[in-house]
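Below, each structure is written out as structure tokens.
There are two complexes below, and they share subunit A, which is joined by subunit B in the first and by subunit C in the second.
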Partner chain A sequence: MLVAHLSPLAASLFSLIAIASLLLAFVMLGSRWLRHYLYAFALESWLIAALSAAVGYYGQYPELYLIAILTAVFRGCLLPYLLLRIVRRLNVARELHVVVQASSSLVIGAFAVVFALVVATHIGDTLGLGGTVVVLALTVMLSMKLIGFLMLTVRHEAISQILGLLVLENGIFLGSQILVPGMPLLLEIVILFDLLIIVACFGLLVQYLISHVGTTSSLKLRRLVG
Partner chain B sequence: MTRVILLQIAQVLAVLLLAPLLQGIILQFEERVQRAQGPGIFQPYRDLRKLFHKQIVLPETASWLFWIAPVVAFTAMMTVPILIPVLTNFPLPLSDMGDILGGGLILTLGGFMITLAGLDSGSAYGGIGSSRAVMLAILAEPTLILVFVGITLLAKAMLPFVVNHLLVAQPAVYWSPAHLFLVAAFFVLLLVETDRLPIHSSTHVEVYMIEEGRILEYAGPLLALLRWASMMKQFILYTIFCNVLLLPWALSIEGTAIGALGAAAALMFKFTLVGCAVVVVETTQSRLRFYRYQEPLAASFLLAVLAIIGTQLS
Partner chain C sequence: MVGALLLTIVLAPSAAIVLILLARRPRLAEGLNLAASVIAFLAALALPALSLTGAHVYWASYIILDPFGAWVILCSAIVYLLASIYAIGYMRLLEEEDSLPRFYALFAGFGLTTLVGPMMNSAGLYWIAIELTTLVSAFLVAFERAPESIEAAWKYIIVVSGGISLALLGTVLFYWAGSFVLGPHYDMTWAVLRGAAPQMNPAVLLLAFLLVLVGYGTKVGLAPMHTWLPDAHSEGPAPVSALLSGALLNTAMVGIVRYLAIIEAAHPGPLPRLVLVVLGAFSLFVAAMFIVRQRGIKRLMAYSSVEHMGIMALGFGFGGVLGVAGALYHMLNHTLNKSLMFFGAGSMMRSYQTKDIGAIRDVGRRFPVVGALWLAGAVAITGAPPFGLFASEFTILRAGLRGPQVWAAIVMALLLIVIFIAFLNHFREMYFTPTPAEAEPAPARPVGAWCAVPMWLALVPLLVFGLWWPEAIWQYFGAIAHGLTPSSGVIGTGL
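Here is the complex of A and B:
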């Protein structure tokens, strides 16, 4: 496993990038303007692209450079651009009806991170890798997944929900970059195209919501319409 | 032996005498950023002198608490500099009286006495100011404790001198995510505890009064003591922020007179840098509503939790 034998500099670089992307996930959780979500998501994707390149450099995986470029282009530019177009068309600048206040959701997120840490430490100890960057990667991965779920649960604008889904996916991708860097290139490309299709489908769905229900908030979807 | 005792006295004197200067610098910079002339950086000294020359007026409803509170607050602020590295980077006599938590306890004791004094006179504003101050303390205290826990886990010690030495000696620890998050969390606390925006608690508008509400009944020398104590609290928090966390360099190592003077000058330089950051925040941020006070503090809490996570993984 690459991460078990890293130089201290590489380990600290990886941990800095991982924690910074976790922080950006929290920015998304704590802000209430949709545009800020988008910028945070784009920045997070750029960080993950940098992480891919760094893993490729330190672990001698040349194909990871290609993945880094693809990540930066797709997740860092294309997806935010498509979502930004949807936001512009919608005239929705912010979450209007929040279920849980921003500060409360930050504190819940903090507890989710503590939970993720406990789980990751346990897994790391079982694998005999306690105290290395593996535990950090697992923590960040699990907590980004939990934050993604949290965003899906407490937010009601359609855009926030798709962003929650994307954060969840970003977390898995970040974890896989550090933990199993030799994943086949084809899989990564397939995942990227999947994301593109998800966003395109969501664009259609939002259009449908506006034309048939007259709103983009999932709170209003109370009954099944045949 | 005599020299270290003199140095210890110099630490307290530095806090006592330079605290109004720090307040003046921040206020003056703020005025200049807003393209106003400003009263100059020595205005707090002039204010204090004016207040000390006035007579003491006591409310009829006040008890002995009203008298004792400013004195206790002032004494508490003069006790804390003994415990922290203000001028020297080595412990001086009586520095081992308390660790970081002990310093925090004494700082809080001053605030507690002022809260009691606000309730003592029975005026409506004093009561509302005290209740708000306690609410703010309830919101800020968990974060403060978490920051202390984070520092302790980082340095494996609760003494500020150990943290200072560790950060100077090991750049890897200085640039580790745990330390950077601690700095960010403490910066938010610094803004909250020293009456800066986004929670500006010392305005004179009745709806917003927190700090002012608590001390509204005071006049003359007692008010001057309270003002001075709050400036010293600000100075102490800046000292902890700079000398323990953010800029642990440029302290007197040998403890000579020149070194102590140089450390005092460097201290004012560091404070000016932090003050500039504070001025930027104050200029760009607007006041938060009362019911949104928890937002910056929740963010700070989160940063402290992330820092603790970081210390577990390095």
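Here is the complex of A and C:
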């Protein structure tokens, strides 16, 4: 178990990166400009790449350097580039009709973090790992999950929904770097490629939405009910 | 031998995809896809018998063939074959010759992913296989490019991706829980997880299981995560609906059952099974409510899929030999029957040029043969004897009455009666309500042989399995059930 014998410096570095990523999730939640989401997402991905490298260095997992490079290339560069292309095609700069105001969604997000913290603390205590970086990793993982779902529910531009899903995945990836650094390399690489395919598919579907439905807002997708 | 068969099942559709994309000829594409489905079916037919000798593991333990997986692969192969035959007749009606190669390439790809899912031995790879089924099938749902189908595809991919990301979180937590027992590096196969489960932390294990259950439950279409299902099933072309309902949902059910076996090995108390039973009962409830008031013919079939997935979840949730056997038997029956229902619905939709139940009238008089087949299917799917679903639903009910969750069995019986009345009432309207004289609709188009033959192929085995069920297959189910349940938790062995 890596986290059981971490040097204080490594533990604080991991914590710093995890908390910074969580803050970026809040940036996404609080902003209405699509480009801000995108920059925040790209930055978050770079932080995760840095975390992979740091875990690889302190925990002696050389294969994590490869994961770090792939994360930076795929999540940090390629995905934001693909998303930027979708945003350009959309001609929508920001969310037009908000279901929940940005400030209210920040408050809900804060409650989500508190809930995640309670769950994580409970699990950390049952494992005898209370107060370690494990609790923080679990908190960030669960709260990014909840924030991602919050984004999916209160935002309805196609691109915000894609980004909401990517925040869900980022949370899992971030947590898994700290909790299970020894996860088989094959899996991590395949999941990265998988993400790329998902975003490509989303891009194609967004194109269909524009050309055949004439809207990219899920508020207007209400033909199918009952 | 088993390895060669598995390779055939994977390679036949893959080769078909490559050849279809290279040749780009509509007729050739039909033939190649059909040939691939026939080969896959023949190979899958031999798997259950061969799998009984124990789990076969290949390719650095990433691929497994066990009796349970073999059964699900067989179900997927059956519906892939039937849907491929039906697609030839149905897709020609759309008169979009140019896009047919693209359709068949995607169709073979979808068939391939549903066949591959149950073979995965690693929890992570299984997750990826399920994700791939979503991506391929989303494009099949959007195939007709109507605003409705694109809306359905968008909802499908967003809802299911969100759900499946919960399953990924659950998978990671399972790996984490295992890493306390097995060290940081290990292969996350089903057997390894199961072996380590008794030593894992119960709190983490339970959290991980619930996440996985909700995640894959979204894909299975268990209520309240079923919201994508009626849209996707009703807006795709009929052969795609059949494959979604008959193959995809089962493939996702595999994950739930395998994880349930893992957590059961740790003797976690009644909670995991209870959650599965509650989800199953709630799915039945939601399906019953929407079936009563349904106006769309394919949405009716889609809600019926929610119902049957709920029944299957109840079967696996009740557990024991009876519950598991009933659920597996139900899987095959539902596969055959729901294909038949979607084929009939698709043909009627094309003939009457509408999806509205209110506009489809006099089916029995206009389509004596196909109409009769479809009506027989409707009687079968509501669980009436002498068809297979009666036997399987009855078996699951018996399992429920023997176990601790008797209330769920009673709820199931009541809701099945509601669904029986409501579902057949829609068919009564379509068959026996006279058409108003002033609104005599345009003459309906006849249904071709390509569309009628798969309906026969689905109905005949359904009837045979309802009347006669070989002893060897019960023993086979017994073997699967014993493989899935920890030895002390078995309730009732006599059949």
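Throughout what follows, the second predicted complex is superposed on the first by the 224 of 226 C-alpha atoms of A that agree within 3 Å, B and C clash if a C-alpha of one lies under 4 Å from a C-alpha of the other, contacts with A are read in each partner's own complex, and residues count from 1 in each chain.
The rule is simple: contacts are C-beta pairs under 8 Å (C-beta built on N, C-alpha and C of every residue); 3 or more make two chains touch, one makes a residue touch a chain.
Bear in mind that the values here come from a model prediction, so they are computed numbers and not experimental data.
Q: State whether subunit B or subunit C is in contact with more residues of subunit A in the superposed arrangement.
A: C
Q: Is A:Val180 in contact with subunit B, with subunit C, with both, or with neither (first, second, both, neither)?
A: second
Q: Does subunit B (first) or subunit C (second) touch A:Leu34, or do both, or does neither?
A: Touch status of A:Leu34: no partner.
Q: Figure out whether A:Tyr208 sits in contact with subunit B (first) or subunit C (second), or with both, or with neither.
A: Touch partner of A:Tyr208: subunit C, not subunit B.
Q: After lining up the shared chain so the two structures overlap, which partner does A:Leu23 touch, if you call subunit B first and subunit C second: first, second, both or neither?
A: In the superposition, A:Leu23 contacts subunit B only.
Q: Considering only the touch criterion stated at the top, classify A:Leu127 as touching first (subunit B), second (subunit C), both, or neither.
A: In the superposition, A:Leu127 contacts subunit C only.
Q: With both complexes overlaid on chain A, does A:Leu51 touch subunit B (first), subunit C (second), both or neither?
A: Neither partner.
Q: Would you sort A:Val199 into first (subunit B), second (subunit C), both or neither based on which partner it touches?
A: neither
Q: Between subunit B and subunit C, whom does A:Met141 touch in the aligned arrangement: first, second, both, or neither?
A: second
Q: Could you tell me which stretches of subunit A are touched by subunit B in one complex and by subunit C in the other?
A: The answer is that subunit A has no such residue.
Q: With touch defined as at the start, can you tell me which subunit A residues reach subunit B in the complex?
A: Answer in residue numbers: 8, 12, 15-16, 19-20, 22-23, 26, 30, 102-104, 106-107, 109-110, 113-114, 117, 121, 131, 133, 135-136, 139.
Q: Under the stated contact criterion, what part of subunit C meets subunit A in this complex?
A: Answer in residue numbers: 122, 124-125, 128, 131-132, 135, 138-139, 142, 145-148, 150-155, 157-158, 161-162, 165-166, 168-169, 172, 175-176, 179-180, 183-188, 201, 203-204, 207, 230-231, 234-235, 290, 293-296, 299.
Q: Hey, which residues of subunit B end up touching subunit A in the complex?
A: Within the complex, subunit B touches subunit A at residues 172, 175-177, 181, 292, 294-295, 297-299, 301-302, 305-306, 309-310, 312-314.
Q: Considering the complex alone, what residue numbers of subunit A touch subunit C?
A: Within the complex, subunit A touches subunit C at residues 1-2, 119, 122-123, 126-127, 141, 145, 148-149, 152, 158, 161, 164-165, 168-169, 171-172, 175-176, 179-184, 187, 190-191, 194, 197-198, 201-202, 204-205, 208-209, 212-214, 218, 221, 223-224, 226.
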